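What follows is a pair of complexes built around subunit A, which joins subunit B in one and subunit C in the other.
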Partner chain A sequence: MSDKKEEGTVEEPLDLIRLSLDERIFVKMRQDRELKGKLHAYDQHLNMILSDVEETIKVVEKDEETDEEIVKSIKRNIKMLFIRGDGVILINF
Partner chain B sequence: MNKKKQKTALEFRSLLCVFTALKGSQITIELRSNCKIYGTIENVDKYMNIELSNVNLKNKFFKNEKFEILLVQSRNIRYIHIPDKIDLNNLLYVYSRTLSDNKKKYQRTKRKAMEAPKMEIYDPTKN
Partner chain C sequence: MLFYSFYKTLVGKEITVELKNDLSITGLLQSVDQFLNIKLKDIKINEEQKYPYMLSVRNCFIRGSVVRYVHLPAEDVDVETLQDHSRLEAREQKKMQQMQQQQQQQSSK
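After this line comes the complex of A and B, so read on.
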């Protein structure tokens, strides 16, 4: 079935992701997390395997003296990461 | 037979096979509750519930807890860190080989229908 399909044809949204296999993508996750990394594999649940990931977490902190809200972004790097699909909001390639 | 083929194809289409291939290796799981769990994968089911052994759990207050065996419900998983010393390509290749080998090993040949056991009927009129 899917073997007969020519590579490069787009029939459904997930085929777009197939086109960006082995390329760097941007993934927005729940709870203000953002990932950038090279896509190695994915499945229909949007579970993904990324490598050389840079994760950015946005944390809002309240300054107790001035009551100002400060948005802090924490960055970290991960070599190889499996992402569970239910946390994914959008993918940008 | 066709159904069976479909089933194995599905198994490969979903990323679950990665975990089955990772069985026995040490990984880190990050939960939605910001817990971190270090442990060895013992078993994975089709819902991605993961059974770990020799577990070290670090909760969000950075307190350590140790467990011998722990089952992680799949819903709570956010990330899984795969150690870089593991070569995924090779692992999956080996896994697919063992799958196909097992398939050959346990292939069933057609069996003949069993003959009904012969029963001797006691007939008191005889003799």
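After this line comes the complex of A and C, so read on.
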């Protein structure tokens, strides 16, 4: 393995996340939660700090009368958010 | 250690901790440790009527592993330094990995 570590090279998955610093990313979380925001920090656990975050939560509601399942999405915006890595499923750049 | 150091810079500031059971607690950050356990003081529950048993709680200790999100005061977060520190830590991490690999190779010879 070479000692030279160029900023642009991708050797392992975490390098892809490093290259997304200061870019908008999409994060899929447990419990049908999705986040879009600008990445500012991350670590090896996938703890992250995102800014200007839009969170979408999908909630399934069952209609009492017709037994129909209605999928509702709830959106909210957060200026600056820390995300604990253990809830992360995937990251899309 | 990046986020541990980061949280230490936020001590005394107001943050909102959202737990995995949907409880949201706003309070002043009192202290933090390496597991990102958090101590809050002067806390307020965001949906008080839903959690009446929390009414009398003023200070609390939150185990790091039950945290889902932490809402941060944007004006107290320096994104430039965060990005620099993330890159630095990624590099350190790789160095450590390489050293460990070398040690393993040497010991298996």
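Just so we're on the same page, the second predicted complex is superposed on the first by the 89 of 93 C-alpha atoms of A that agree within 3 Å, B and C clash if a C-alpha of one lies under 4 Å from a C-alpha of the other, contacts with A are read in each partner's own complex, and residues count from 1 in each chain.
Here is the rule we go by: a residue touches a chain if its C-beta (ideal position, glycine included) is under 8 Å from a C-beta of that chain, and two chains touch if they have at least 3 such contacts.
Small disclaimer: the values here were computed from a predicted structure and weren't measured.
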item	value
When subunit B and subunit C are modelled together on subunit A, clash or fit	clash
Comparison of subunit B and subunit C by subunit A residues contacted	C
Subunit B versus subunit C as contact partner of A:58, first or second or both or neither	neither
Which of subunit B and subunit C A:21 touches, first, second, both or neither	second
Shared subunit A surface residues [contacts with subunit B and with subunit C]	40-44, 47, 49, 78-84, 86-87
Sites on subunit A touched by subunit C in the complex	1, 5, 7, 14-15, 18, 21-22, 40-44, 47, 49, 51, 78-84, 86-87
In the complex, subunit C residues that touch subunit A	2-3, 6, 20, 36, 64-65, 67-74, 77, 79, 82-83, 85-87, 89-91, 93-94, 98, 101
Residues of subunit B touching subunit A in the complex	13-15, 18, 32, 48, 74-75, 77-84, 86, 88
Residues of subunit A touching subunit B in the complex	29, 40-45, 47-49, 78-84, 86-87
